[in-house]
Amino acid sequence: MDDDETIIRQALKEDLGSGDKTTDALIPVDLYGRARIYSKEPFIMAGIDIAKKTFQILDPAIEFRKFCEDGVHTDKGQCLAEVSGRVASLLKAERTALNFLQHLSGIATLTRRFVEAVKSYPVKILDTRKTTPGLRVLEKYAVRVGGGFNHRMGTYDGILIKDNHIAACGGIAEAVKRGKASAPHYMRVEVEVGSLEEVEEALESGADAILLDNMAPESIEAAVSLAEGKADLEASGGITLDTVETFAKTGIHGISIGALTHSVRAVDISMEIAI
Amino acid sequence: MDDDETIIRQALKEDLGSGDKTTDALIPVDLYGRARIYSKEPFIMAGIDIAKKTFQILDPAIEFRKFCEDGVHTDKGQCLAEVSGRVASLLKAERTALNFLQHLSGIATLTRRFVEAVKSYPVKILDTRKTTPGLRVLEKYAVRVGGGFNHRMGTYDGILIKDNHIAACGGIAEAVKRGKASAPHYMRVEVEVGSLEEVEEALESGADAILLDNMAPESIEAAVSLAEGKADLEASGGITLDTVETFAKTGIHGISIGALTHSVRAVDISMEIAI
Amino acid sequence: MDDDETIIRQALKEDLGSGDKTTDALIPVDLYGRARIYSKEPFIMAGIDIAKKTFQILDPAIEFRKFCEDGVHTDKGQCLAEVSGRVASLLKAERTALNFLQHLSGIATLTRRFVEAVKSYPVKILDTRKTTPGLRVLEKYAVRVGGGFNHRMGTYDGILIKDNHIAACGGIAEAVKRGKASAPHYMRVEVEVGSLEEVEEALESGADAILLDNMAPESIEAAVSLAEGKADLEASGGITLDTVETFAKTGIHGISIGALTHSVRAVDISMEIAI
Amino acid sequence: MDDDETIIRQALKEDLGSGDKTTDALIPVDLYGRARIYSKEPFIMAGIDIAKKTFQILDPAIEFRKFCEDGVHTDKGQCLAEVSGRVASLLKAERTALNFLQHLSGIATLTRRFVEAVKSYPVKILDTRKTTPGLRVLEKYAVRVGGGFNHRMGTYDGILIKDNHIAACGGIAEAVKRGKASAPHYMRVEVEVGSLEEVEEALESGADAILLDNMAPESIEAAVSLAEGKADLEASGGITLDTVETFAKTGIHGISIGALTHSVRAVDISMEIAI
Amino acid sequence: MDDDETIIRQALKEDLGSGDKTTDALIPVDLYGRARIYSKEPFIMAGIDIAKKTFQILDPAIEFRKFCEDGVHTDKGQCLAEVSGRVASLLKAERTALNFLQHLSGIATLTRRFVEAVKSYPVKILDTRKTTPGLRVLEKYAVRVGGGFNHRMGTYDGILIKDNHIAACGGIAEAVKRGKASAPHYMRVEVEVGSLEEVEEALESGADAILLDNMAPESIEAAVSLAEGKADLEASGGITLDTVETFAKTGIHGISIGALTHSVRAVDISMEIAI
Amino acid sequence: MDDDETIIRQALKEDLGSGDKTTDALIPVDLYGRARIYSKEPFIMAGIDIAKKTFQILDPAIEFRKFCEDGVHTDKGQCLAEVSGRVASLLKAERTALNFLQHLSGIATLTRRFVEAVKSYPVKILDTRKTTPGLRVLEKYAVRVGGGFNHRMGTYDGILIKDNHIAACGGIAEAVKRGKASAPHYMRVEVEVGSLEEVEEALESGADAILLDNMAPESIEAAVSLAEGKADLEASGGITLDTVETFAKTGIHGISIGALTHSVRAVDISMEIAI
């Protein structure tokens, strides 16, 4: 509903505070004009509607005409959107709108590269909870735009027993047992393991899904055989664009990548005004 | 005052929502324990007090003992802090605290590398307004921790006439004139230019500071001579770790780098529980 | 974290507005005293810590000593807690604290009666999303206190395909197919059906759990046989204290009851001041 | 102004959180349709505009056509409203809208029954401050819809000296004296008593209105004679549908009933989609 | 409860925004010291606890020792309070704390002068709803500190039929009739009139209180005779310190003065730091 | 963006709370009408759009037709605006809208008188941070409407070293030195002094601007000669309409006046309804 709006308002507030002193000093209130938003490198677009909302929350009278949709590949120099209205409003919203667009498109672009790298395999590229504080919903949206799949939105919508939970419970078997006893009937129980022995322990204790953390491709392959038809398997831990295909080849069902959201390179986008 | 707190609360909310189902299912409410936070690679620490606040906003009874301060260099495997209290609370705050720490330390680490690269020159490394929406205050703090300087916090605390303002005013001279007429007496007027001719125009019109956007080092050197004693000069535009020294050599007063905050690689940090 | 606090603050605000005119007119600011909270009928206690927070949010100097914990059965006339501090503060928080206590204990008491009614059967009493707007988290907590189990907290933490979804998809098979294709790997897919034929269709399409809506006990018994080992079954629809055992006998795994939260009778609790 | 809106937004948020996983998985974003809201038992409608707002806050493009107004009696099976628009939006708002409608209509229906039971007497049915936390304004609205009258909205808009105030002041006379000395000139002073002697004491001390708490009908009748022309009288304390007429016969001016808002049975309402 | 806190936080935010650049640049974080707050003219103190809260909301570690209470007369040069703690915190809270103190003491001082001017007469000095937006609760508190009485806090806690209501109803009699029919039993009905004829009309229609707007002292005296024992009378309309006694002499029960809160002269107060 | 809106909503809430009891009792919901807003004395209008927003936030269907703009001089009896719509809405918004209009126009009117008094001199009339808590942005807007200039919006958008900073630093020279070392390149450094000797010290230490606090006109004249071409000079401290021209004559660049915002006399404005 209005989560995007809250984030956008905060971002505008953070940039405009008690007023844009430059724009207020230079630009007549009744000057109207038009600006175009351009890509300055090729990327996968994500966030075009967030950019639109940013302009229109600042000034509902701004018209925003988009020339492409989220998910498309854009070339360098392509015009992505045209905004028109009060010039002072265009200038006030510019930086915030571009900050969203650059960050979210950065995520979608990186995700798409991972997705492309494993496209011959029936494996899902997944994100993690390693997101930028405050932006999780938007960042996970950008992952989907890039062709990835979302892992848990938070700790509230899935059971994932991690190493620290296991340490606190005293072992995988006990942790999974507790999980299966308490998990609501509409949720699976996933558990994180680090070795083939632990995979076996997880399977025996009845885990529905297993996250293989920092395991080598060969071990993962073995785990896939063990778990066949019994549990969903997911690999994670330092997997890069260079290594992702090797992991995909193991037959694993999902590969989760923290870098999709925690180490984003913004793409380059600019706005040019034309009176 | 309480801006950090607002951001931390939102981040915790985003991760915990209606409750951490795994922890609630597995961990007894009255289990107490201790966890240690480790660096998994060398970096410049930033955000240790934010991490502390994150744990303590979640559960005021948690004790957080830090073993290093923001700004120090940490080695791989170093113990950064020890947290103790209700185990369920430690687990619930873990991801959010680490997300802050990894992101802010990533910024400080990158900033420090730029600062080191130009340490023989009397030039300041500056950030920009290209920050992650919602995190500007924290990100600009991390830049300072890394040894950088902050450019404007927002549009409200400084005058910077950018290309789009100039386009809307019809030229540098007119834009600077309007700026000088309306700027409060306690602020300087800075203007963005793209060529030596524009530097001259800016100086003639009385600009107090000039941002040289995407100009080559040779032109910047010439601009430095022209502006000597008349205006503060700042370079920007695609300057990288590889090229920054070349720019520093020109005698420029400041170098602003969007990537410090818009293209951050999170550093690797983990928490390990010990009951 | 602070959800309870938000709700409590709103409830206090709603009752006190710009000030308690009676208390402000009558009670000297420096009058200190003690009050006791009594049950006026037997019930299952729920919300004692919410009552405590209510007093202490209003005035952090109030001491609240509870004489019983959530989940216990209380007799008529039992002293549940003693509060002491500024008399004016005790009077200002009284109504709001009691309103919470009466409502939540009402839920726990009703839930307990359902749980008792089926205690010889391996079946869970479940709540629904038919909760009082704004109080869902607290009401679902009270259900757990009464011995019930929570169904979904909201639409965000579980997949439940309801009649209207099926209508919009054009059939059970298609709806379950879409659900299984899009559901995150850490969630099961539950679907609502209304007849044995639909149970079969749901099982064939691979549903992990099935909600039998308004089906007669005999049909439910047949469904249990059909689904054995294949899917979790849950019954719902107008089940009362009088009929619940009949449903439990069918072998069904869960029985969900909207009335637990949508038709609550407050229990009777009062506070008596002693100067 | 926007109090309703705040409550509705919270209720939607509580149900939708980070997103309706079922609807998002199953229903195409561009599927449009229509749904009808039906009564499944006879009741007094209350909250139809709240239901409308709920749908339209979720999605302003939804059209909501109501077929009856608050206050009317509806039969079982009657179509109350038709909503049309994006099917996904209809499904997302359904539960929250119905929760409001079922709860508020439950209050109006119960109130109407009390009002009907005393319709031959010049007595007002009044609510109390025993409301569901967070919903007071809406619940008191539903009481008016049912034909009841509101007692104080909170402690801020009326003086009512209760037993605990009297205990803290050391007696009725002293309490009323303080009340009359400090009450603003635009307010009456009402005091709670429990016996005929206390009625006399209250009258002598000049109380403008008297609440007779838990007094038997005969005593109330005597109190009515005593107070004739001197003070407004109100009865309260465990008065039910079975006993209310007996109290009305005493000549009392008002009867306040906590159960109107603290022990509500939701009425049964459903929504059926039609593509 | 926390209304003051909300206002104080907003006021601090408004002054500090993204940070106090001067203090952050000049004052070491670990410099501790002391400051004293002095009156620079004689006045009636109001708001000393608000000032304390302002310092302590900014920095809970600040100690605030007050040397006088709200309501006392202070001389020029008197030390009102001593604050000690982090010097940077003292400086950051200074302006906001003084702004509250100067404004509220201004109100109390003016009120006291009116109260003194009529002290030989049994008449109350009352405020109005002509308050500074956002500060009503605090301003009305300051009026009480000065010895005045509060009229309605808002439109929600009293019935006052004003000229525009009368115009909309078509006359005093009709307006009062509607008011008496709908007013809750715990409230009086007050009506505004502008002539003796209207006083008579108001009395006949049963008004409990009458506000005489802009009527001359002689007419007010006549009104007092007419209303004797039937209604509470209040005068308003441009009454000043010079004329207030003349009005008090008429025997009127209350005199309401908009200027108490709408035309306040801040008293002069300063803070001096001592390291 | 939405700061005005927040303030207006709070002000309406403060006046209307749980509902306008008089209007709700007297005015039929479907009564439509018109009202006119009149000046009752001559003044400079400020806040007409705030008044408009106030009506329209309360009820978006209200039409507000203004007959003059902020900044114009209005005569007694002039019709400033006409509002039409639901009469109940007009009455509910009336007081809040007028409170804004009366306060802001009071500020603009006083500012204009100062501006007129020095119109023959090249000096700016400036405001201060001595504003009413919560209203700074609006009050500073009203100063501009009156022809004045804004000093800092807060501590975040300018460097001004005050007496307490100097005391904490141990002297003007040290304070200015620290300020110049840490001030961002886009800001000037202003320092407050109290004597000619301190002016010299400030100039020597390189201050960009100097605030002369409580200095006599002759000393200010001397300071102007000393600072010529080196620093911007500003006078402050108890300057009144009677004395301001004397200060203007000294050649000072700015005169800052706390009373513009801390000691405002509301102008008299009323609304009259016509059905």
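All chains are identified by letter, namely A, B, C, D, E and F, in their written order; residue positions are counted from 1 within each chain.
FYI, contacts are C-beta pairs under 8 Å (C-beta built on N, C-alpha and C of every residue); 3 or more make two chains touch, one makes a residue touch a chain.
A quick note: this is a predicted structure, and the numbers were derived from the prediction, not measured.
Chemist: How many steps does it take, at the fewest, to get from chain A to chain F if each step moves to a chain that touches the one before?
Modeler: When the steps are counted carefully, the minimum from chain A to chain F is 1.
Chemist: Determine which of the two chain pairs, B-D or D-E, is joined by the larger number of C-beta pairs in contact.
Modeler: Of the two interfaces, B-D and D-E, more C-beta pairs touch across D-E.
Chemist: Which integer distance in Å separates the CA centroid of chain C from that of chain D?
Modeler: 21
Chemist: Determine the centre-to-centre distance between chain C and chain E, using the mean Cα coordinates as centres, and give it in whole Å.
Modeler: Whole-Å distance between the two chain centres: 45.
Chemist: Among the residues of chain B, which are close enough to touch at least two other chains?
Modeler: In chain B, residues 16-19, 21, 137, 153-154, 156-160, 184, 187 touch at least two other chains, as defined above.
Chemist: Which category does the touching pattern between chains fall into here: line, ring, star, complete, or other?
Modeler: Graph shape here is complete: every pair of chains touches.
Chemist: Where on chain A is chain E touching in the complex?
Modeler: Those residues of chain A that touch chain E are 17-18.
Chemist: Enumerate the contact residues on chain A facing chain B in the complex.
Modeler: Against chain B, the touching part of chain A is residues 7-8, 10-11, 14-27, 31, 33, 35, 87, 90-92, 94-96, 98-100, 102-103, 106, 129-137, 153-165, 167-169, 175, 178-179, 181-184, 187, 258-259, 262-266, 271-275.
Chemist: Which bits of chain A are touching chain C when the two form their complex?
Modeler: Result: residues 124, 149-153, 156-160, 184-188, 190, 208-209, 232, 234, 253-254 of chain A touch chain C.
Chemist: Chain A touches which residues of chain F in the complex?
Modeler: Checking each residue of chain F against chain A gives 1-3, 137, 153-154, 156-157.
Chemist: Note which residues of chain F are touching chain D in the complex, please.
Modeler: Residues in contact with chain D: 9, 12-13, 16-19, 21, 57-58.
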